[in-house]
């Protein structure tokens, strides 16, 4: 065996070991979902349930509006993704390709606010949503997630990197309107970057917690994160049922990511994220 | 092309987006600054101006200071684990790009980042459980003392750092992989011809060239570290069969002051402190990494 | 006319009034009303009452939303002040309700309801006053949180104990005898489960209950609506020392052990002090457990939980009707038997349920000189309790405090300062 192949084998072993470590907690979660209450209390804990049961799953689906929580989360995440794609592509394109002093100032402000944690200004935003009468609704949730500073930044990088000025100028000389240029020339070239941004935006909303926890107040309007966090029966947490609920939620997250992974990595690479 | 017509188009297209941006970002941030100088309990109509009194009280507030310290330890802990580990992992995965396992590696490492926080934290809570958890079972198998992971003041913070790093790692690794993919091949060719080993190339080429990526990843990691909340919330949630020590973090203290103690103004002053800290740290990171990166090029 | 039929009359009157309103409104659209509860186990009770009410009003649509207490309080703070709550019946402890009453955010009770609360011997003064603010009735009393000792009779028998502990000194002695230890002397089954960790104010409330047995109060009234901390006192020290002694000196319980109701149900602890809902919980989760209850040495907390209304128009009258229907003897007996919270209404016969579940006797038939305390109805009460809880959690984990009364006093002095500082800031501290 050559030295390179030996090194590669070693690297594979290390990476494999590490990956297993990373997914172990989730594997345990799935395994707990199928354990009976007695088995959950047994010592030492078992990796694979001895007598797998689907009782937990059945009870959870019967007792909680789990599916409508998943649906709320999906609607919220999809709407947020669309909003962020629209706002980011417009702002990113303008800020990337139009050179005016005022635009540089605007971009600097956006960058500066990008690092301010959402939790800092969440409470005043709550009262703004209240003024609109949108508390406890999906549009209300959406208001916190309409724009993404990083998204604007990412698309601007991508515009600078992937769209040559000459192309736009040529189109203008041919008499193309600005709106036509944006839709017909710019957007298709940003496909990769927008795909990557879509993944980020979707999961940002999907995993958000503090904001939906205050905006959604009635049980039917919870997102899945909030529903799970408040998932308690009286004073006690039922680990089996909770794991069952969590397993149901894992399915869409993992599926969506596995489907989009390749586009995501290439999309981010296409933005030339290095400046 | 008329320059002012271009400007007109740029502004016309930008204004709706900017209006949203101002309304959902700039306005609430301004409101936080204003509220931090007032006393307000959410429900009453009067909202007296009290100057810097909230900030003065913060200086003497043990709970706030404990929260600040815990949060800082967690944020830097996550940063110190995530950056070197993700850089190393990304280098290894990039090295094995053509392996048929590359997809599996990327997926397995990134999955924790897209999994809902709450179920993930619940799983970890069970892993750390002193009486039922697999972590202590493994320790005992190797003849080690079981630990009260979620109760010891030091261990409970370590638990949160582990949990947050587990979630942050995947994102950092992917961004680094992208960084590696964008590095110029010619430089590496030249280095190889000069007789540099793979490790030397990593040490003296990749690391300096990846500085901008490191800057971005470390800003994102640190900022999200300072926002830690759901993890602490779930690890100490009030279930009585499996209790846990409450690790007080800034966002939790803020929310508690807002909604349990009805002190919005006071919570706003905490938010302002958080804001200032994050701003300063970001500036420091920029100056550290920008300068050195600039010199080495 | 008996007292019961008078209250019936009250209900009927409201019923008539509200149906008249419904008629005049003349529309067929459904009226939505929510019930917000902070006790998830109460949901079946409210749903039962709601079902009965909806049967009488086909146009009414009541949904019950019961979530954990902390989140419940948060949604009230946000929802009620912002008006986003809609028409809602709010279940809330009277100490927490004060802030909303000060700001006139709940509806005052209409005359027949006020009469029901104050008159007819329906409720003792303690409860009717707790439902009022500045002599106006706002809430309708429903149930209370009251503590008693739960003990595992099998474990008592194996330890040679044939009666529940009578004094606080007994508690420690008993706990030492009851603890089952491993080879190193560490507890495997705790002799007495104490609340030592977790989030929120529960730790402080439990501490207060113990402290009360020694004759003290965490916060004491000082006249003129002023208050002061009572933690840095002999009673405070005795209660605190007992925790430290049980955790660190006697090792009867440890911080990381499973605790409370869940541990008791799984036979992981021999005894603990808790409210009556545990009886219902045990019946549901481990019906074969052999246990009994006993009153505490001196007295108990009695935390009154009332129903408040924030609603308009037809929904408001329906909401008040709901509060009355929840207080029907049949409903209260069902609540006691199936949920286990203690109904506050006095002139109702609960003996059938007590006969079936003798564990309720310690809560309902207490000694004549049994004393009660409640959380002060002042707005910063939660802040006081959560701050005390945070300080106590750290202190309980500190091994060096065992047997060191100077260090213990220093901690109590700090907690004392914390409490008084909050009271002072809110203008509630006695001079």
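Side notes on the structure shown:
Here the chain labels run A, B and C in written order, and each chain numbers its own residues starting at 1.
Quick note on the criterion: contacts are C-beta pairs under 8 Å (C-beta built on N, C-alpha and C of every residue); 3 or more make two chains touch, one makes a residue touch a chain.
Fair warning: this is a prediction, and the values are worked out from it, not measured in the lab.
Note on connectivity: the fewest steps through touching chains from chain B to chain C is 1. Ranked by the number of C-beta pairs in contact, the top chain pair here is A-B. Taking each chain's centre as the mean of its C-alpha atoms, chain A lies 40 Å from chain C. Mean C-alpha position of chain A lies 15 Å from that of chain B. For chain A, residues that reach two or more other chains under the stated contact definition are 41, 127, 214, 232, 235-236.
Among the residues of chain C, those in touch with two or more other chains are 68, 74, 78, 260-262, 266. Contact with two or more other chains is made by residues 131, 233, 237-242, 259 of chain B. Within the complex, the chain A residues that touch chain B are 8, 11-12, 14-16, 18-20, 22-23, 25-26, 28-29, 32, 40-41, 43-45, 47, 87, 90-91, 94-95, 98, 100, 103, 106, 109-110, 112-113, 115-125, 127-128, 143-144, 146-147, 149-150, 169, 172, 178, 182, 203, 206-207, 209-210, 214, 224-225, 228-229, 232, 235-237, 239, 242-243, 245-247, 249-250, 253-254, 256-258, 261-262, 264-265, 268-269, 272-275.
Against chain B, in their complex, chain C makes its touches with residues 68, 70, 73-74, 77-78, 80-81, 99-100, 102-103, 105, 196-200, 202, 254-263, 266, 379-380, 382-383, 386-387, 390, 393-394, 397, 418, 425. Contact residues on chain B toward chain C in their complex (touch as defined above): 41-45, 57, 62-63, 66, 130-131, 148, 150-153, 233, 236-246, 248, 256, 259-263. Those residues of chain C whose C-beta lies close enough to touch chain A in the complex are 34, 39-41, 63, 65, 67-68, 71, 74-75, 78-79, 82-85, 260-262, 266, 277, 281, 285. On the chain A side of its complex with chain C, the touching residues are 41, 126-127, 130, 133, 135-136, 213-214, 217-219, 230, 232-236.
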